[in-house]
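What follows is a short report on a single structure.
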Amino acid sequence: MLATRGLTWRIGEVAIVDSVYLDLAPGEFLGVIGPNGAGKTSLFNLITGLRRPTEGRILLDGEDVTALPPHRRARLGLGRTFQASSVFGSLTVRENVRLAVQAYRGGSMKLWRRAAADREVAAAADAALDRVGLQHRGAALAGTLAHGEKRKLEIALLLAGEPRVMLLDEPMAGVSAEDVPELVAVIKSLTGDSGRAVLMVEHHMDVILELADRIAVMHHGALLACDTPDTVMANATVQEAYLGESL
Amino acid sequence: GSPQDTASGGGDSAAPVKVGLVYSQSGALASYGKQYIEGFKAGLDHATKGTGKVGDRKIELTEVDDAGDPAKAVSAAKDLIGKGAKIIAGSTASGVALQVAPIAAQNKVLFISGPAATDAITGANKYTFRSGRQSYQDVVTAKSFIGDPAGKKVVVFAQDGAFGDANEAAVKAVIGGAGASVSSVRAPASATEFTPFASQIKAAKPDLLFVAWAGTTAPAMWQTLDQQGVLSSTTVVTGLDIRASWPTFGAAGSKISFLSHYFDGASDTEAAKAAKAKIPGGTIDLFHPDGFAAAQMVVRAVQEGGDDVEKMVKALEGWTFDGVKGSMTIRAGDHALLQPMYQAKLSGSGTAFTAAAQKSLTGDETAPPVTQMKG
Amino acid sequence: MTEVKSPEVPAPPAAVPDELTPGRRRWHGVRPWLPLAALAVAAILPYSTVSLPGIFEGPLNSPGTLQLLAVCLVFGGLAAGYDLLFGRTGMLSFGHALYFAAGVYGTDILVTRAGLPLWQAALLAVTGATTLAALLGAVALRTVGIAFAMVTLAFAQVGAILVARDFGGWTGGEEGLPLDVSGLPPALVGVTNTVNLYWLALAYLAVVVLVVHRVSGSPTGRVLAGLRDDERRIGVLGLDPYRFKLVAFTLAGGLAASGGVVYCLIVGGASPHITSSELTLSLLVMVVLGGPGTRWGPVLGGILYMYLDHRLTAFGTSDAVESLPAVLSRPLSQPLFVLGTVFILAVYFFPGGLASLTSRLTPLTRALRPTPRA
Amino acid sequence: MTTVILLALTGLGLAALYFLVASGLSLVFGLADVLNFAHGLFLGVGAYATWWAAGNLPGAGSDGFGFVVAVAFGVLAGALVAVLVELVLIRPLYSRTIEQVLVTVGLSLAGVALLQATWGADARPFPRPEWTRQVTSILGANVPNGGLLLIVAAVLVLGALLAFLRWTRYGLVIRAGVENREMVTALGIDVRKAFTLVFAIGGAAAALAGALGSVYFGTVSPGQGGSLLIFAFIVVVIGGMGSVVGSAYAAVAVGLLQQFVNYYGESGLGDICVVGLLAVVLLLRPQGFAGKVATA
Amino acid sequence: MSEPVLSVEDLSVRIAGLHILQGVSFTVAPTGVTVLLGRNGVGKTTTLRAIVGLTPRNGEVRGAIRMGAQSLLARPTHRLVRGGLGYVPEDRCVFTGLTVAENLRLAERRGTTPAYDKVFALFPELDRRGRQRAGSLSGGQQQMLAIGRVLLNDNRLLLVDEPTKGLAPKVVTEVAEVLERVAESVPVLLVEQNLAVVRRLARDAVVLAAGKVAWAGDAQELLLETGLTKSLLGVGSAEVHS
């Protein structure tokens, strides 16, 4: 579904992302782990088009999207969340999600229609909010949300777009322990049926292990391993470079 | 009430006459405006023999600040006309005069433009007059500096825009028409560094350089012309601005031949004496005569026309009177104000400069060509 | 060393668009009708002979008052249109004056120099200015933040230079170009017809408010509000930020140009004042004075600013001011001094603009309202 | 050839003037994040204070050491006014960037009007040493001394500013403070002091530009600062916001371009070329000459 | 028990009209780590910011905050910090435009010798990347910088807001170790979601819920009692220890 072919991003001499070959099958859940600074977020930036790779290609459904701007890729079904929450701070939570729904359904370039009157958009937005458990915060300004709530809103924004390939950048970071299972359930429900593929960076190993079909390990920009969770966890290098000794 | 209501002029023979004065009290031309109003009050005093009345009727002045902005001037003019003013005077800036003139014509009230020097006011319409000089008269005065222009080479140095255009055109018509070859060097009004232009002028080696420059960058411009040796290599003519600007010429001042609209001491008429006595400070400056003449014209118009604007127009057309500068004539055909002009020299140093008249030209000698009345 | 932070303009301190939030309950039934009521009152205003001494020179129906009101209304509309860019989309343009000036000069030149009938001239001028906005916007929008502000400023500056240079003798340079009224409908000419200009200005304002209101409440408006917060995010949602910004820019340009047509008629000509970057700055001031991103804020800001701008000249020369000691009377007789000071005070004491006044007063009204007895 | 030398040197003089105006603007803009429209006012204050001092301050005068004293007084006055503005108007609005800009807009309106109310709208002759009116012959070209003075001053100011930013801790504090003021405080640094200092330096640089600019123009008038400001803005932006070195390069580019185009091209073309240069630079390198792409 | 290093009494914070903290009281012991727990949005960050005096402009703080005999309220942040209150904010807040070395240099305080060797021993990465712009560091690297920055100086109390957020397991362990070592000499008030870290470090715990303190006491006790963890933190103690 999504594939990268020798994807490389250099700044000066340093390869931040180094010749990455990834293949994501429909319905697959691929976890990405790696030490801080391994280049995971950078890889996401390349795939979504926020950065241009120095070498390599990105294929979406077999089609080369390397040269497309972010919004075109999004329309092809590529959605993502950001590591540092980026929501529309001066809009309400509900309005945030409605915007995302509207962006997905099309018809954003309508200057003379009443946006609020579109019940379908509203309903879809509420459904997305419901799924992440933020419906009670619908009227709050997104900018005033506490950190964990923003993370949930990020996911709601992603859900609204019903992407076929989803890139999640550390969705659990800063989410209180109590909410983690809930969020895990939400993310789990994303994949089950629809043949959606997920690429998720996460440092919470238990979450990764619970969700991921395969785990990719990045180190110094390169793909160290990409295999089943068991194999990866058993890998000595991963143990040493990433997991360290358990607390 | 109805939305079409405007106060009527009132034919009451003892009712005051409303005169609106729309001029710059603030903004860049505030000091011109100040001279104008001082001159106007002195003139009113002189023409009504201290009574402020024409017959039994008091002249009621309403002063409005236009801050040099035509939009504000138009609002003010409409307001005044709405309140029954039959005479509007003032307009320090040319842009203001040009936009108020049509308002006067549309509403059939008398408009007497003030210091605004643009030629376009002359012949603008039947209701528009002027109480000051126009650019063309400046240029004719400049021509008097070179004797016979035939075969001479004249360069106009002027700023971009309508003021520069008008001066260049006038020089081409007046001096070029008399046989001189005229070329021009133009610079943006906002220029701060004049060396390129000075070099161009110098390279042209003119017999006469006519400079038309207004604005705060003038001193820098003169200094550069002086430094690059332009002033000492040819006759340089320009208009003499208000007294406050004289020291800014510095050493260059004595190397320039000035044409002057007016400076204190240029004339010794009755009106000049009256003005001197009445003006705060007792020194007549560049635009006092304009205000003075405007007041004289207002009094004449009211005297002869009462409340009838058509009669006022008739009374002013062709009228000759004794202004501060001497004998002035309102030419019937296009309302040009024929008036004496002067050649002057500056001398002095530091902040103390004096101007001395070299020669004065009569109103007929400096008369602009007759223009077609437009409306 | 002197490294640069990203040239981002912080989003204006804007409120959430009212159009995107549900109405408050208390006024729910009445609210939609309030603007219509206000419009009706404004429309019949010229039939009133009431005098408001100190506020207006003459009675409400006098030409002077109507003229002043007309100018104020046009600027109310202009500010509302500019807010579409600044308050609602977060684009800081320093060149909005250009499109307004294109409307004014376009109409004036086409009527006066080319002798076209008014409606043709107006149509051409607005179309032309809107096209100009689309073209220049297409270029300027390749940059963001302060860079965008400066590119728009630069374009407007070229416009100002061309006008001042009296290019081809069309614009009248620094003297401006009086409008030739001979071909105009008689109802728009003459002091007695000032009321028609007033109604024209009112209509313009109403149209702008309606357009801005509808657009902000539309799906597109929602995207614009999103752009104000995070452009990158909009892209990742699958929308092309560039397109939406260009639409907003062009629309705002068109609204400004239409305002230019009306202004040209009201003032009876064009003068280079309106091409200056100061005009854009005053638009900014108006919007902030009123409250960016609110429906009525910019309108009120525009009206108030122009009112002060015109009336302060009279205030400065009033007897009350002249009788003060020189230390006070001299500065007070400078309209710009008063305007600048009022503006600074407004920024301090009404952050969020006039439009936030109501919400700032709620504690007060709440305290004053009698509490229901238990 | 003489013409070229003359144009180049006077163009550099113009560039020096632009740089002097732009340096303070750039500093305040880049470091305190305030797009300071009141910069023109600081220029005016410097110029008028120098003018006043030369006539009224004991020890000051229009020539020799007295002139230095007068200029020093003007610079001090500019710095003082800038500090006042920062303390009273800017500081209470910190982190509200747009409002800060607006306050400076209001200030530029009110301040210039105040100058005008106090000293009148007309230009006044500026006291200056006799030698600044003269010319120095360099390779046959008569180069005005006023321009040379500007060049020398600009080089000195550039050096001083660079030294300040590079070798003092304040430079660091200021750069960090622009990004996250709160966090600088949380490191135990009184960031307000640093910002006041930036304004003081910006004000002093502006005042110096005002005083020397008036020497160059020969007069002082209330609107003078404002008219220089637009080119200063252009210089700041072309140079890369906040980069003093960038401003210097940009000033030279703008000054020379304007000078040569004005001579060889049509009048007014110089200004249009400068504006064109701005547009081109911004479209090709939105961050300006010296700016680096900030990473998200 | 000895005198607490910090005592918060009846702290109440309103921001933009929202009553976020409604009378919070707790103390921080002079040694070891006191951990502040609670769900997202309950006001942990708000508490820490109120202590260092960083409440936003539209906020209002009531109550008393004392360090020893000294009241902290209404004193400017930079004074508090110079007085020995170190603060590591939630989102790291490194200066992205400055280099790593400059970020560190900025944190030096006048009158004390910055302990560079100590910091570089803990985070060798910071030494190696001295000339890199902090903005281009990865999240984990930035966190190290944020902590290292505060450790340059001697502190009487450290406030640390979610230091392990977004860090690789290995780095989480490292950070936890660092904090453990730091806490030997300086008391730490820590906000943390990672219960494994809490279990390892915390001596005392304060749990916030609905703007008030729901529980305060011995941290290990909290984590051991399933009932308590379930009701306060929403997780069973088994999960805590998994």
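Think of it as A, B, C, D and E in the order they're written, each chain with its own count starting at 1.
In this text, a residue touches a chain if its C-beta (ideal position, glycine included) is under 8 Å from a C-beta of that chain, and two chains touch if they have at least 3 such contacts.
Everything numeric in this text was worked out from a predicted model, so none of it was measured.
Chemist: By label order, what chains touch subunit C and subunit E together?
Modeler: Joint contacts, listed by label: A, D.
Chemist: Using C-alpha centres only, name the chain that sits farthest from subunit D.
Modeler: Looking at centroid distances, A is the chain farthest away.
Chemist: Going by the touch criterion at the top, tell me which pair is linked by more C-beta contacts: B-D or C-D.
Modeler: Most C-beta pairs in contact, of the two: C-D.
Chemist: Counting only Cα atoms for the centres, state how far subunit C is from subunit D in Å.
Modeler: Going by mean C-alpha positions, subunit C sits 31 Å from subunit D.
Chemist: Centroid of subunit B to centroid of subunit E, CA atoms only: how many Å?
Modeler: 76
Chemist: Please tell me the distance, in whole Å, between the geometric centres of subunit B and subunit C computed from their C-alpha atoms.
Modeler: 36
Chemist: Nearest whole angstrom, what separates the Cα centre of subunit A from the Cα centre of subunit C?
Modeler: 42
Chemist: Could you say which residues in subunit B touch two or more other chains, in rising order?
Modeler: Those would be 26, 160, 188.
Chemist: At least two partner chains per residue is the criterion; list those residues in subunit C.
Modeler: 3-5, 161, 165, 232, 333-336
Chemist: What are the residue numbers in subunit E that touch two or more other chains?
Modeler: Residues 97-98, 133, 136.
Chemist: Would you mind writing out the residues of subunit B in touch with subunit C in their complex?
Modeler: Residue list for subunit B touching subunit C: 1-7, 25-26, 63-67, 69-72, 74-76, 78-83, 94-95, 98-99, 101-103, 106-107, 118, 120, 160-165, 188-189, 375.
Chemist: Mind pulling up the subunit B residues that touch subunit D in the complex?
Modeler: Contact set of subunit B toward subunit D: 26-31, 160, 185-188, 190-193, 195-197, 199-200, 216-220, 222-224, 227-229, 242, 244-245, 247-248, 250-251, 351.
Chemist: Please give the residue numbers of subunit C that touch subunit B in the complex, ascending.
Modeler: Touching subunit B from subunit C are residues 46-49, 57-59, 61-68, 71, 161, 164-166, 169, 172-182, 189-195, 267-269, 271-273, 309-310, 313-314, 316-317, 333-336.
Chemist: So in the complex, which bits of subunit E are touching subunit A?
Modeler: By the definition above, subunit E touches subunit A via 15-16, 18, 38-42, 45, 90-91, 136-141, 143, 162, 165-174, 176, 193-197, 199-200, 233-235, 239, 242.
Chemist: Which bits of subunit D are touching subunit C when the two form their complex?
Modeler: Subunit D residues touching subunit C: 30, 33, 35, 37, 89, 92-93, 96-99, 102-103, 105-114, 116-118, 162, 165-166, 171, 175, 178-179, 230, 233-234, 237, 240-246, 268, 271-272, 275-276, 278-279, 282-283, 286-288, 290-292, 294, 296.
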